[in-house]
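The two complexes that follow have chain A in common; it is paired with chain B in the first and with chain C in the second.
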Partner chain A sequence: MKAPSWFAGPIGGALVVALLAAFVVPGMAGDYGIEFATTLVLWIALVQSWVILSGYTGYVSLGHAAFVGAGAYVFILTWGAVPFWFGLVAAGFTSGLLALIVGGPCLRVRGPYFVILTLGVAEFVKYAVINIEASLGKFGRLMIGTPEPVDIYRMAVGLAAIAFVMALVARYSRFGVGLRAIRENEVAAEMTGIRVRWLKVGAFGLSALVPGVVGALMICRTGYFEPLQMFSPQLSLTIITMCVAGGSDNPWGPLIGALFLNILSELLWDSAPELYTVILGVVLVFVVLRMPEGIYGTAVKRLARRSRKAVPGETTP
Partner chain B sequence: MGTKNRKITRRTVLAGAAATGASFAIHRRARAVEPVKIGFTMPKTGYLGVACPVAYQAYELWRDQVNAAGGLKIAGSEPRPIEFISYDDQSEPSKTVQIYQKMITQDKVDLLLSPYGTPFHLALGPVAERHKFPIVGSTSNSTLLRDLGVKYMWAGQQAPDVYAPEMVKFMQSVGIDSASMLTLQLPASLEFKKFLTPELEKAGIRLDANDEYPNSITDMTAMVGSVKAAGSKAVLGLSYPLDSALYVKTAREMKIDVPMQLLFIGPALPFFSQQYTGADLEGLMTIGEWSPSQTAWPKAKPFYDAYMAKWNEKPDYLDSVISYASCEILEQAVAKVGLDHEKLREVISTDTFDTIKGPIKFDGNDNVATKPGLLQVQNGELEIVWPKEIATATFKPKQGWS
Partner chain C sequence: MTALLEVEAVGKVFGGLVAVSDVSFTLAQGEIVGLMGANGAGKTTLFNLISGAMAPTSGRVRFEGCAIEGRRPDEICRRGIGRTFQIVKPFPGMTVAENVAVGVLYGARRRTPSAREVAAETDAVLAEMGLSAMRDKLAGELTLAGRKRLEVARALASRPKLLMLDEVMAGLTPIEAAGALDMLRQVHETRGTTMLVVEHNLRAMMQLCQRIVVMHHGEKIGEGPPEVVIRDEKVIQAYLGAQA
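Right after this comes the complex of A and B.
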């Protein structure tokens, strides 16, 4: 499929927005505003990376927690021993490599089996790290001297922009067409000559690069690594929630889902943390029942119906 | 939900005006004596939700007592009332970090108290360093802050490398020569195990069953079964409140007949003595070195009485006590040097503080004035059985279950 004529627009737009976000927001927001913005853009980076495999192929992965945790672990192991940037890159590539290794066997199954398998892999990696740490006599690691919050924020913005562009390029490239063909009918895709297995494993590896770096930036923020926290399955579930809420057939849906849930969380977490989870549940039920294509997909459909104009990019999963 | 059109009557307008006037008056008065804002988080929800009341109830008691006495004494200025700004960290250390940063940068708190639990303290170490904001620790037990050389945070409880040898000395003193160890896979328990294992070996105490389990555990039958099969003279449960309760339930069902049964965190908590009573609770041991009946600390009994009067339950002899003591340290430091964070850091690092658990003095991050100890439930009360210098009772082997 040829990329739409407006293809270059979103990439350029993403870069402009990223530059604005990186340099304008710190001047306007206070310290806490920067903290919130960092959380937000890290979630945006995560959902964009998730959509490359799970959104486009329909293979719903609960493995992102493993990739975030693995990246964080590699980063803290190399902290002080290698240059900062090298640690970040190593975190990303380690997670990517982990995905390539586990992707081969995991992607032989599909549907709920794949979901459970990725959850199992994430739990396995978590307890492996706990035991490795215990055998090393380490029970949580601390680091001080990490970059300033505003610098971490700028790095997170850069990462989110990269993740967005990756998701966009993957969506409209031959690679993305292959992935979406797998989602529509894997057997038919294979029959037409698409190298299904390689595409799936490649997408899995690609989708794990960004979470590794996110893990590294997360521990830069806190200065504290503890496996139970960094490999929490809740992280994977939150990503799925954001993608379901926003829509996961293209990069815009997860972006909207991440914005929506982060802002909702920010408004409610201190006044009513329990209410937040209740509202989240209600929103999810509503979205699944009434907006199966997510907020973005539904909005685009309605706008298209109203204006009777062509919609750029399909939205039906 | 429908909305009703409300009529704006003269009465409504007058009431509004009166309320506005009153709020201005209150505001003016409040401005006259600006409260000292003290921030902290507590895991009111999540896996530590059941345990944390013992800490924040101690904080609230301290605040009420100080306010009733005219406010917090501040060097160089008038006493000011204390206002708490607290949040639920949902038992997530990352949330704790986020909230403390919010309290420092957005809420602009004057002082900070510590959160509940070791991982939460550890996560805060880098935050305290980054913002140069002193935080007196309370319910944490780790060597990590010391290893990192953190300058703005102090540990209230003794680190496991100090605690473990004392525990082994006690075991030797009562003739225990074998033990089984059950360890929760959380940092504090695992770190304790790291230091306890070689001490047991050094003392010639045989380690029989030696298992670890995740914090999601719901069935301990197999592990407790292996303890029973081993026939050890001690069970060392390096556990947290919920799994401590699960151990008691399982040990009672399996009739574990072992003289020394120690649970890391649990038996001193009020919920524990509500859930288990009589012979089930009797003889259980836990870590801690405080008792209201220890007359060497004149402030101990008044604290116990005040806590009972306010909350109608006993304080936790470990966590409530150290949480209250951390407030006392902050109070005395502020009375001496005011609210300047750098001066507070200096005075907390060097002074000796008079608290409900006796004098506390820090060397680096560690409290070096308090010797770690062990408590045992005897006749329904927790008694200090180690160290001997402050013991309020002698050890009695656990005698069965109800």
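Right after this comes the complex of A and C.
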């Protein structure tokens, strides 16, 4: 655990990049550019939040769709009734609370069982909301008076920066070291004094805060809440794809994964509209086969191998 | 000497199988006690009962006078019982230093150590265990001897008052085993840590332990100084074989 000397660097760097992105990009990009940048930073926020539980503990969750949808639902229910910022905070905390409630029972199992269970929970929450809405005679809700796209973009940038710093602090804190020990060997972690259950549930709750706010911002963009869209399992699968492509042991991997996939698909869909999903699939297969630790993980490993070659004479006991 | 650990009539039954039956013994502060027995004698189950991995079906386990049977393993670790595993369980994707830091961060301490304290104590434990040169290697890249040494280091980093070692010499070459024996002696000399040791290497047990408890089919069949225990008729018949 290098609570590194560069630890303050990335946090300061993230704040500088966020400020630049928030105030310089809107002046340079048109409406299309701002919409693309908003999509990108919302994905960055989502992957950073996902990595806190799934990247660090190895509990691969398909539950993020539930947290995004729950946040969006709470936001739409409170829309107009409470101040905007209060609605955003309520969306985040509702998702966090939902994760704490379902986390206890869900985190008793691991591996594929946990994956399926979180998918099941997400689907359960989705259909619960659909049924509640149907019983109220509503199949979608409109929002009037949502913020301007550029303001939503700035809020999304702020959220992504917060998510990155959260993931970074978690990674190098006592909490994060405990989570990674759980991933490596849960029995040994518990025998080394780690409150395994508390840490796992805490990480689940923490990782659900940001998706709740993302859900709120997503419906602000469209001005419309529709449960099937907001609770879509494809969202969870896309998050996993980005994290697998980038690497998920620290915040840099998912950040690179989100940038890689968003920029690549943006470049491809314009130049090869019929083929771009096929090309994207081939690129992903290549990344998974050739770089199982993700782009960032593989790069770090290669650099470490090179530097080790430069320092001969190391022995293994 | 006051008893650090008291195991009182502890038993464990899995369905119809009696794994441990009515076993009692004590460990005094600073003592090294060996736990011997053939495979399936119940040694590792007894380790699991003491360390909280399993709850006993009957009996009591007291540590520093407090009943700990049935408590969670993490709580027992923080009270001051550290252990290693028969099948090593390092954190393979973390570096050697990070493995040790986990013990420092989550072990038996009154308050959470600062980052500086974690770094200093991690370095000290690595140096003590001869692992400083490997600090940035992944634990999964170490040899078996290295991983076993690392497990002891991780357990020591949690500042245990009682260290339970489950076959730390199994699978090692004679040279590696001798190195491990020296390492344990040194730990005992410098830290005065009480140890409960499961080991099949009889010579090592004779050299290391002040007292040996012998188990057979889940029951305690002998206890005493090593040189007395290995001459005990019951022990010879059950453990070493009738013709020995």
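FYI, the second predicted complex is superposed on the first by the 295 of 317 C-alpha atoms of A that agree within 3 Å, B and C clash if a C-alpha of one lies under 4 Å from a C-alpha of the other, contacts with A are read in each partner's own complex, and residues count from 1 in each chain.
Basically, a contact is a pair of C-beta atoms (placed from the backbone, for glycine too) under 8 Å apart; a residue touches a chain by one contact, two chains touch by 3 or more.
The structure displayed is predicted, hence computed values, not measured ones.
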| item | value |
| --- | --- |
| Touched partner set for A:F139, first chain B, second chain C, both or neither | first |
| First (chain B), second (chain C), both or neither touched by A:E35 | first |
| Touched partner set for A:G104, first chain B, second chain C, both or neither | neither |
| Which superposed partner A:G120 touches (first chain B, second chain C, both, neither) | neither |
| Partner chain in contact with A:L228 - chain B first, chain C second, else both or neither | first |
| First, second, both or neither for A:P292, with chain B first and chain C second | neither |
| Residues of chain B that touch chain A when the two form their complex | 45, 87-88, 90, 92-94, 97-99, 101-102, 104-106, 119, 122-123, 125-127, 129-130, 142, 144-145, 148, 150, 185-188, 190-191, 194, 212, 214-215 |
| Chain A contact footprint on chain C (complex, rising order) | 51-53, 72-74, 77-78, 82-83, 85, 89-94, 97-98, 101-103, 105-108, 112, 115, 118-119, 130-131, 133-134, 137, 141-143, 145-146, 149, 154-155, 158 |
| List of chain A residues in touch with chain B within their complex | 30-32, 35, 39, 127, 130, 134, 137, 139-144, 146, 149, 218, 221-224, 226, 228-229, 270, 273-274 |
| Chain A to chain C touching residues, read off their complex | 1, 3, 174, 177-178, 180-181, 183-185, 187-196, 249, 314-317 |
